[in-house]
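Look for chain A in each of the two complexes below; its partner is chain B in the first and chain C in the second.
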Partner chain A sequence: MTTLGNAIPRERKILSNADYHRRLARKRRVTFLLLVLPALVWFLAFMLWPLLNMFFISTKQWDGLALPQKFIFLDNFARFLNDKNLGVAIRNTGIHLLVGIPGVVPFAFMLGFFLSLRKPGYRLLRTIFFSPSMISVAALAMIFLGLYRPDGMLNSFLNTIGLSSLNRVWLANKSTALGAIIAIDIWSGIGFYGVLFFAALSSISEELYEAAQLDGAGYWTMMWKIAFPLMLDFFGVIIILQFLYILSGAAQNVILLTGGGPGTATLTLGYYLYNQAFLTQRLGYSQAIAVLIFFVGIAVILLIRRITSRLSNW
Partner chain B sequence: MLVLLVVASMVLSACASAKATPTATNPPPTPVPTPTTAQPVTLTIWHNWGPDDAKGAPLQSIFKDFMAANPGIIIKDEVYVDADIPLKVETASAAKQEPDLVFVQRVGSPLNWTEGGIALPVNDLIKQWGFEGKFTDVALENFTLADGKIQAFPLEGYTWPIWYNTKVLKAAGVEIPMTTDQLIDAATKVRAAGYQPVIASGADGMGQYLFTLIVQSAMSDEDAAKALGDGDWTIPSAVKGVQLFTQLRDAKVFVDGIEGIDFASGNTRFFEGKTMMSHFGAWSFGEAPKELLPDIQLGGFPLPAGSPHKFPVIYSAFTAKGIWITPNGAAKMEAVKKFIQFIYQPQMIARFVEQAGMTPPLKDVPVDATKLNPLFSQSLTMQVEVAKTPDFFLPPKVQPNFATVSQEAFTPGTTAEKILADLTALYEANK
Partner chain C sequence: MNTRLLRLNQKIRDGSTIFVSCGYILSIFYALLIIIPLYFVIVSAFKNNAQIITTPLALPSTLDFKKFIQAQENVNLLRALLISTGVTIGAELVTLLIAFPAAYAVARIQTRLSTVVEAIFSLGFLIPGLAILMPIYLMTAKAGLLYHPVALVILYPAFNLPLSMILLTSFMRKLPRELEESAVMDGGNVLQIIIYIFLPICTPGIITVMVLNFINMWNEYLFALILMDSNNRTIQLATALLRSSQRSIDYGLIAAGVVISLIPVYVAFMLFQEKIMSGMLAGAVKE
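Moving on, here comes the complex of A and B:
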């Protein structure tokens, strides 16, 4: 049974327009914070905290996981000045960057452009070029170990074509070891970044190419006069990815194949960090090197972004 | 200077007899199993003696017999690569998840384990558990810190001799070289006969041991300690030793491309019978092909003119393996005690000696001489001197990077001056 009292609406507070919007904004803020909170907690716990720890440990003398730590403030950074190996590592990393970026990114772009033309068989080629990225690092190292051995495939090939005078112990020769390591990164990098470029280039309308072809443009012109300017931002991203890989990730091949040797021929910053942390057990100093790499990384990323954005505007 | 006319003096006193019996001073025999209603205790053990290692089978048989004799204790063993074990233990220890016992060599970071609380010193346990006077002095010394703490129970010793292939030498018409001049002559003739001379792992960490052995062949023990330990590579005998190394290298005493050869491929090439000499430790005794055994003669590295040594040099030490007790193990000390007393029974250690040619850490081990690996038996009668194993002297921070210098030293064209400068720089950088 319905009563009259139940039918009468309760008195409601009438909000002013400003109050309503203020309350709505507050509600949205709370909702936003609640939605962001898990990601924020994740970021603080697993990203920011380890990063802060890196800075913290870099101020310590810590000579092994089993040993106590001692606060030495900036002494690890002062050590940079007298560390000849660090100078060698910076030089080798510089060489790696100077060869490894121009040796990969433009060719990857060209490969990506070629694939984006979707000629017959491009799917198979895309898979083949991407396959080095699907091989585990250890397996890749084994492949190149077999290739570079004194009696390996490379020297055998040189013998077969009558160039045995070019035979080298590639990974153990001071003049070829770093080049041999860089070659691995170039070999595997072109295919990987080529497929990334292909994905990005697929967004360019085919009409643009068709119009250019009507004007008599060839593939080379279309690639560099149409695709490249449109891909400039993405080009910058790929350069940053390759730069970051060489700065730290490329150490994996050095660890597996040369251990920084012979002598210091393949000592790079990334490997030196590993060496100081896990082999020499100088944990505080290794984190000081990590801080150096961190700031160099940020500085160069900003530089690359600035250059590519200027070129885009230009 | 320790003359190692017979390594047996520190290993097997009972080896001469066909089959000796345990002495009265041995630890108590295997206890008779007793029924128990208590919860079983699990002992977790990390080691690297897997099925591919000659010591794997005897170790598993000991585990099996121990569990049969002690129904209340379960052994849970995990096999890892030897070089990976220290870091695994250290990270596990940080989470208090380390194994109860660790079988690992006393090289590198384990040297810090006692100070860092990752492993307990065993001085008192040796006394309390009835092992006083049982271990050889050198085995205990090799596990003792400067402050007198014994870091672990020594388990595996080794000799690290030079292996000569007499068939190759005979084909070249030469005898086993006793001097470096004879070595150069032999290498030339061996090459002419279609074989390769000395193989070693120039590309990895094992090559540094041959490098330092050759360098030490020109040095006294005192000078070797100064150079290897203190980094004083300016002393005349150290300079002479490095010059000797480059002289041998440039005389093509080593196989072609030695700077690119790793330990595994070096092993393979020697065992294929294609090379005159190699430098393998006792751990390879069980890996030598049977058909090659009659041709292998063990000895030391030839000496240069004016060497302070009387006999060719080899390495020998007991640091290859120790049993380390962790804090988790200490919490199960009764079970650990039973296991340690079980595995260190002379008849148990004898299994490793007979089946794997392991140099035992105990003074009295009853072995059946007929069961011994022929190379192990041969190693007991070598007329050699023991040089300083670099592991004892290289500062912990120098040790991991020493191989990069030795690898460069194996590379043709690297001068003695460059090697000496690199060695000095290595010690300077790691002070």
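Moving on, here comes the complex of A and C:
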């Protein structure tokens, strides 16, 4: 009697409980979607939709905003093969990468390690090293214009120390223009990534260093034998950031300072895309270059992720 | 035995001293490389062109504001400042308005959808600005918003959503579960929970996000360059334009523009240095 009497209401209760939970879960999902929707719509409309458009436009022959468009599928990509300027752009971007990554990342790491020792004055140094990252590309380019122009600070400095023979028109000289553009990124990059390394290195426990010190390791050994292996993943992150920046963002310095010149000396992949899109108005072709940049970026991200994860598992 | 240990210790200490001294020397050298150009620009803004060329690093003999006035006349810096301020405030508010509820949902409502949504937003880090520049130009033209600052108010939040979402969700995840449980018991709905409980508690996180977004939005150049015209220049466009506003380069003029454009960002940097650095680190790692 008692068992029966208890059993029926309990069963009903369990059923309604499951029902209740299902309804609650549905309600939770609806609330979730309503809250996420505005941000999601915004992001889809102004980031992913333009990205899809990049692919659409890259399949078109479209040589001017007011001119008709023609669907040519992959022909823009086939044109890559005969485009001498694209070859130059890839070469220049290659140089930028080969100098701009090894010229920044190892030094940033060492700088970050030195800061992480928290010797007197490290706070002030950190502020100084980080301050170039606060400067906009436009202001930064204008600052460097003051250094590089013919009667600018760099030449006047060379005159003062008696090296006037080294005077150059830095931005208008074929052999120095690309270097001058790359130098801007190195100048600000070491400090920026150095401070990021510093912050990341703060997560390493003191005990590890102390143990190493007992074994007779100096700072140099500690930096490369303890900090470096622990930072491998972070190295990957920094290399990816710098890579993506050089591939795309760095083109702004070219827009602001040299316009790809003199000749094609500073014609980089990113600048070539900008040039084709807005100056030459070969819209379809410009987006084919954009597709190239996009996929190179993704491929390199995957590659670096794979390398760092394999090295860390070692 | 003891002496050997002592000698070893001595050797390490010597090595460490050399390391630290080298560290200081290189750091100070690099610090000077950073400071000198910045110093050069600041003093140039107060000098005439002859002084800039002959004595680039000397302090200006008098505080001359002529270049600022001339910069104002040439490219209307004040109007540019006004437009940049308006765009930044508008875009900040839109970002917060859409990112905060979304971040709350992703961080605090348990559903499998939240991983999907997070993955979608993190795609944003893979999209190069240059690649979507032309499509966005076409969209803006189609919408009739070309050369209108509202276009930037609409676009900047989209560009800053990925970082804002990451920082806000990771901030909210650290808060205790009991926060909304007590509110639910009192019969509060989600909006009330967000506005009355989470908004005040998340103030530190919101400040970090707003400061980082401020720097990004104030400094943005590429999209403003394409989407604005001479009547609606942001401060970055005006600064860069000072270069060609004279027939030959007038560096004092450019320097005055640079100094003006840098002031707001440097004030933010001085006030929120720690937040900026930790926020940028979190953004970099999560990418």
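Here, the second predicted complex is superposed on the first by the 265 of 314 C-alpha atoms of A that agree within 3 Å, B and C clash if a C-alpha of one lies under 4 Å from a C-alpha of the other, contacts with A are read in each partner's own complex, and residues count from 1 in each chain.
Operating definition for what follows: a residue touches a chain if its C-beta (ideal position, glycine included) is under 8 Å from a C-beta of that chain, and two chains touch if they have at least 3 such contacts.
This structure is a prediction, so every number in the text was calculated from the model and none was measured.
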Room on chain A for both chain B and chain C (clash or fit): clash
First (chain B), second (chain C), both or neither touched by A:169: first
Touching partner for A:278 - first (chain B), second (chain C), both, neither: both
Per-residue touch tally on chain A - higher for chain B or for chain C: C
Partner chain(s) touched by A:149 [first = chain B, second = chain C, both, neither]: both
Touched partner set for A:66, first chain B, second chain C, both or neither: first
Contacts of A:33 with chain B and chain C, given as first, second, both or neither: second
First (chain B), second (chain C), both or neither touched by A:129: second
Partner chain in contact with A:301 - chain B first, chain C second, else both or neither: second
Which superposed partner A:260 touches (first chain B, second chain C, both, neither): first
Common interface positions of chain A, toward chain B and toward chain C: 149, 151, 278
Parts of chain B lying in touch with chain A, wherever the complex brings them together: 87, 90-91, 93-94, 109, 112-113, 115-118, 202-204, 256-257, 259-261, 265, 396-397, 400-401, 403-405, 407-408, 410-411, 422, 425, 429-430
For the chain A and chain C complex, residues of the former touching the latter: 25, 28-29, 31-33, 35-36, 38-40, 42-51, 53-54, 57, 111, 114-115, 117, 119, 125-139, 141-147, 149, 151-153, 156-157, 187, 190-191, 195-196, 199-200, 213, 216-220, 234, 237-238, 240-241, 244, 247-249, 251-252, 255-256, 270, 273-274, 277-278, 283, 286-287, 290-291, 293-294, 297-298, 301
Complex contacts: residues of chain A adjacent to chain B: 63-68, 83-85, 148-151, 169-174, 259-265, 275, 278-282
In the complex, chain C residues that touch chain A: 8, 12, 15-16, 19-20, 23-24, 26-28, 30-31, 33-38, 40-41, 44, 52-54, 56-57, 97-99, 101-102, 104-106, 109-111, 113-114, 117, 120-121, 123-124, 126-139, 154-155, 157-159, 161-162, 165, 190, 194, 215, 218-222, 225-226, 236-237, 239-240, 242-243, 249, 251, 254-255, 257-258, 261-262, 265-266, 268-269, 273, 276-278, 280-281, 284-285, 287
